[in-house]
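Several structures are given next for inspection.
Two complexes follow with chain A in common, the first pairing it with chain B and the second with chain C.
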Partner chain A sequence: MIQTLPRGRVVMTANEAAACAVMLARVQAIGCYPITPQTLIVERLADLVVGRDDIEYANLESEHSMFGYVIAAARAGVRTFTATSSQGLLYAHEQLHRASRERVPLVVVNVNRAVFAPWSIEPDLSDSMSQRDTGWIQLYCSSAQEVLDSILCAYRIAETAMLPVLVCAEGFLLSHTSEVLEIPDQDAVDAFIPALHPPQEWLLDPSNPRVFSALPEPKDYFAFQRDVAEALDDARGLIETVASEFTTHFQREKVAALELVGNPEADTALVAIGTIGDSAQELVADDDNLLVVRVHTYRPFPAAELASVLAGVSYLSVVDRAPGFGSLGPLGNDVLSLDLKRVKAAANFIGGLGGADVTPATLRWALQHTRSSTQSGGVAPVYVPEGV
Partner chain B sequence: MKEMLLVGRGGEGVVLASQILAETFARAGFFVQSFPEFTAERRGAPISASLRWDESPIHRRYKVRDCDVLVVVSSSPPSPQALAKLRPGGLVLLNRETRFPHTGPFDIARVPAARIAQRHGILSSEGRPMGNVAVLGACVSLLIPDGLAFLEQAVASRMGAKAGANVAAARDGHERCTKQHAAAGDTPVEAASLAQVVRSSGTPVFAVSTTDSRGNHTGTWSLDRPLIAVECTACGVCALFCPEGAMTKSDGAMVIDYLYCKGCGICEVVCPVRNAIAMEEVPA
Partner chain C sequence: MPAWLDEIVSEDTLLLPGHTACAGCGPAINIRHVLGGLTAAAPESKIVLVVPASCWTIIAGVFPVNAFGVSVHLTPFASAAAEASGIKAAMRLRGIEDSTVVVWGGDGSTADIGFSGVSAAAERNEDIIYVLNDNEAYMNTGVQKSGATPEGAWTTTTPAGATRTGQKKDLARIMAAHGIPYVATLALGSVPMLRDFRAKVTRAAEVEGFRFLHILGGCPPGWRYPTAQTTELARLAVESHYFPLCECDHGEWRITVRPKHPLPVGDFLETQGRFSHLAPGEIDSIQTHVDERWDALAGLETS
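This part shows the complex of A and B:
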């Protein structure tokens, strides 16, 4: 049982790193549903809050209630945290819509695991990708360090934009993998994340009872939704600023929207998300005509930045780790709808579902498949064949 | 970059050993990854954990398929399937006192980890010696020059109250690791042929099994199994208490279905007849 926060260079899993980040961010209310598919994150937090009467740690009866709890706690003016995974996130779906449309600055970690049926506890992105249109900022990580750093940034982003942030980390590949990372000092984090001061008129105030989110006129309902969309669009610049400040403050590079590795002048590009984007870095070592683009911020989608990065590319491969039933994969849909005039051939690949490996060999196969095709836009995704 | 697989049974501390070794490599200045097999871990079931280490940051985010080092935490011989994952020129480290009478395209080292654990009183709840940390001592002597101090620090930081005996076991394992040289009479392990995977004929349309759940042979997880002796009077008390329904009376004698017996030993405890049931160890 850990009761004190480790510091400096340590070996830990992304689950443990997430718990450390949450404590460093001085969270005041943690809601959790501690049954499968919950993760070790809330278990570590339960250890770390022992003897802390400044933190409320609540066990709820479901993930749906758990999200309800953090929404209400945030509305009471405190900084909150919860974590979930797979079916747990799906069960909370309607609360996700509520959180963004009520402009609640939540930070939640989702450990990405495959979705039933059939049963699997292995990683893929089906759970959070299917929450794409709920109005949350979504950040996908590729190392335990990035999970920790992104949680710290997420509180700044959420509380400035008044939008919820989902920090995503693939199950096992990150959640259960011990690796080397740096844990910053409390003082440094305190200087980076200011105290929470939500707008007064937004807060619950027992001395000033009002009605929240009641039935508006259609034109007003419409305007509230448009405001959420605009807030998400505006968050692009904010995410960039926070990452840049993080890099300066902690002297450690923080990716904002995209991580680029390889040759920026290459005529071949591979766009991926999460850990596949990290594994893809191995390809760059022996292919100087390749640009690997790892998408970290998935919502708001960095469309302009991607279009600029991919402007000179002739061969474009986009790799998803979630199915695109009846269409392209989620990332494929977004990337292949960009106006990329130089692209001669493009394809969207779907691999790694339910923990299937995506190795450099898989990705080389995908690049070759795209180079030998003549389609300049995706009609249907290519499911990576078994054994590739 | 080097890759390692650690294999054993659930409950032998395989995953913990992998994490301690990762921390040891990190303390020695390496970048590391350590992760368990991507399944639910169960006591007694075959378990593996993976480790990668390198002088540069590691960008491989997928399972270890082939390895440079195979570490067998259990005190039983490695399965042919595990040996088949070892790259040519690799190293296999065995928890074993006696010669491993086989040869192959790999080096063999061994450490009497079970005996070391026994001596230091490091025992599982069933009283078995837990050789995991002694095996790590041997790993470090083979892989990290001057690494013993880092291992001791890692054991101390991860094992809390149990650190003292385990640090001693790590030191003994470090000291008592021996490399094995080929000898006449060693038989070759034909790893490659054993690595052949039987492929099913395509994925079915619906995820529906061909049998009911009795097709899950949970008895394969057992570390021990009961044996019925001639003293048995077939009174049937064991069948009443067996939580798996694995004991039945047939033709006036008790019969054990080892496909489902998990070796819990309740039958031995509840048996009213002296010497009628004895537990014996199941080879891994």
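This part shows the complex of A and C:
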């Protein structure tokens, strides 16, 4: 029996919300390989595709093959989905580079999980942060609703920009935590996401023989890479447009690149990503002199927008949930390389690795640390000490 | 010339003139007959060739040239079988029923780095043809040992005199053990062998599900022999029982070419520089293994 999707106001986890979003987007080919904490997404999808002859669902033997499966299916003209976490994303690494360079409009959910060794299934962002240079659009979520909404937007973005999109959600904090959220009607989603029509010259068409990704001369190879960079740069405007259309269409606010909470004139700012960016918003209730910036779109990096919102800031704290071995953390590197002339003191904090707590108290400690410092950037990040 | 041969000789080749394979490349001859045989068996069916990293990444043409008369989807080393599965799924979803998705994978890709993917696609019984284009080493990178390199063979990573344990993986039997509908071994060493070759390609076109064709193809620079000897070496490989021609059709094993007077394996080995360092005792040991494999294969025949 074909299962129907829940609709309207429901209580569900981000993993369930992701499965619903994918079905609402009328996915055609799904590649599956289990890994905690993502597995519930592909399990839920397996149930939802029973009896559906308009959807192909394949159990692959590895994430490397799974990404290959969806890349090839997309190349041959169908809308795809897959999901993974941690080691799975890392195992597929060469396919990530390849998907963006082949301009494959994939939508993939990565449920963030710490990276071996030692073993951990707890959340941090090491997995997807380490893939930030693979040419994918990366969206980091802070609620189950944002996961659902971002997947719907991701299909629009991917299929317009012809670039893959990774929608990231921290394991357990989001994947296994039930929240109240709104599921839109199928008709509304159909009106928002048009049918897939990739460019004819890009499509693998058996009756029009062509070779794809053939060996080029160096100048042509160079041009292909430059095209990917330009497409990512151009995607900034597209992400903004799609979010704005989403907000109007579904009557629900959709963050595009940055979410700002607090005093825009503050002399102190905290920049964070994922659920830490959400936790930080609690701080503005008793701090009039604080602006919290949650980064939602991490690639393409919203550099100009961030530079603009941080232009008047004197004390800047950037919090990463991924290590910065031999350098600053990933977000720290990106934010502290902006030309921020008013900054008197800045610091990059690394916390929450392997599921360690980052509470509002931790973030208050970080703000205090920066305010009492005179360093305007520094070369080393501050690993949050135990117990703060 | 018999009519069947006349038809083959006069058919359009789907590997176009001007491709960049080496002189004497065995696989270049083999692929022409795979594509020709599939087209002859199902003229309406459009072929999509899925090619993992290999010499064929280059032979397929330097951008923007396509050396084939069919669409070619190039993949990383390890994911060709999964990608062929994805393309076939997309063809079903788009209602394109007349497509034949063919992987053309080397022995490094198939026996080594992509093996789990090949095994999994077979286990799922994907409706694709997987061709193992076996030249018995990583030839594109300059002759390094693969899981399909025979015992005793020189490669740059098994130099003459190096201790090499183990034997070439028997991919046909391994794949048949997956219970897939059709497995065959093919080589082009003579006109009768061409007939056997084309009959197996035709059978592969008829059957649905996962089909595995293991084709031996000589590599002059890798095996170290004169370029004009490619078909002669294929004949010696078959007639010495080094590479038996057989098939397993829905579980029924059959040796399809049974040499009347089997040659000693030394007759095959002595033609190639890669075996020139072997001492007589080592050749005897290879002969023992060749005989054991032949007997095991003969034991699988049901009739």
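A few comments on the model shown:
The rule is short, and it goes like this: the second predicted complex is superposed on the first by the 382 of 388 C-alpha atoms of A that agree within 3 Å, B and C clash if a C-alpha of one lies under 4 Å from a C-alpha of the other, contacts with A are read in each partner's own complex, and residues count from 1 in each chain.
Note that a residue touches a chain if its C-beta (ideal position, glycine included) is under 8 Å from a C-beta of that chain, and two chains touch if they have at least 3 such contacts.
From a predicted model like this one, the values you see are computed outputs, not experimental measurements.
Residue contacts after overlaying the shared chain place A:Pro218 against neither chain B nor chain C. In the superposition on chain A, A:Thr359 makes contact with chain B only, not with chain C. In the superposition on chain A, A:Leu204 makes contact with chain C only, while chain B stays out of contact range.
In the superposition on chain A, contact is made by A:Ser142 with chain B only, not with chain C.
Of the two partner chains placed by the overlay, only chain B lies in contact with A:His176; chain C stays clear of it. Of the two partner chains placed by the overlay, only chain B lies in contact with A:Ser279; chain C stays clear of it. In the superposition on chain A, A:Ala58 makes contact with chain C only, while chain B stays out of contact range. Looking at the superposition, the partner that touches the larger set of chain A residues, chain B or chain C, turns out to be C.
Applying the stated contact rule after C-alpha superposition, one finds that A:Pro385 touches neither chain B nor chain C.
Looking at the shared chain after the overlay, A:Ile121 reaches chain B, while chain C stays out of its contact range. For chain A in complex with chain B, the touching residues are 9, 11, 117-118, 121-123, 142, 170, 172-174, 176-180, 275-276, 278-279, 281-282, 355, 357-359. Every residue of chain A that touches chain C in the complex is listed here, in rising order: 28-29, 31, 54, 56, 58-62, 64-78, 94-95, 98, 204-217, 220. Across the interface of their complex, chain A is touched by residues 46-48, 50, 57-58, 60-76, 78-87, 89-94, 96, 99, 116-117, 119-120, 124 of chain C. Considering their complex, residues 18-19, 22-23, 26, 31-36, 38-40, 58-63, 65, 207 of chain B touch chain A.
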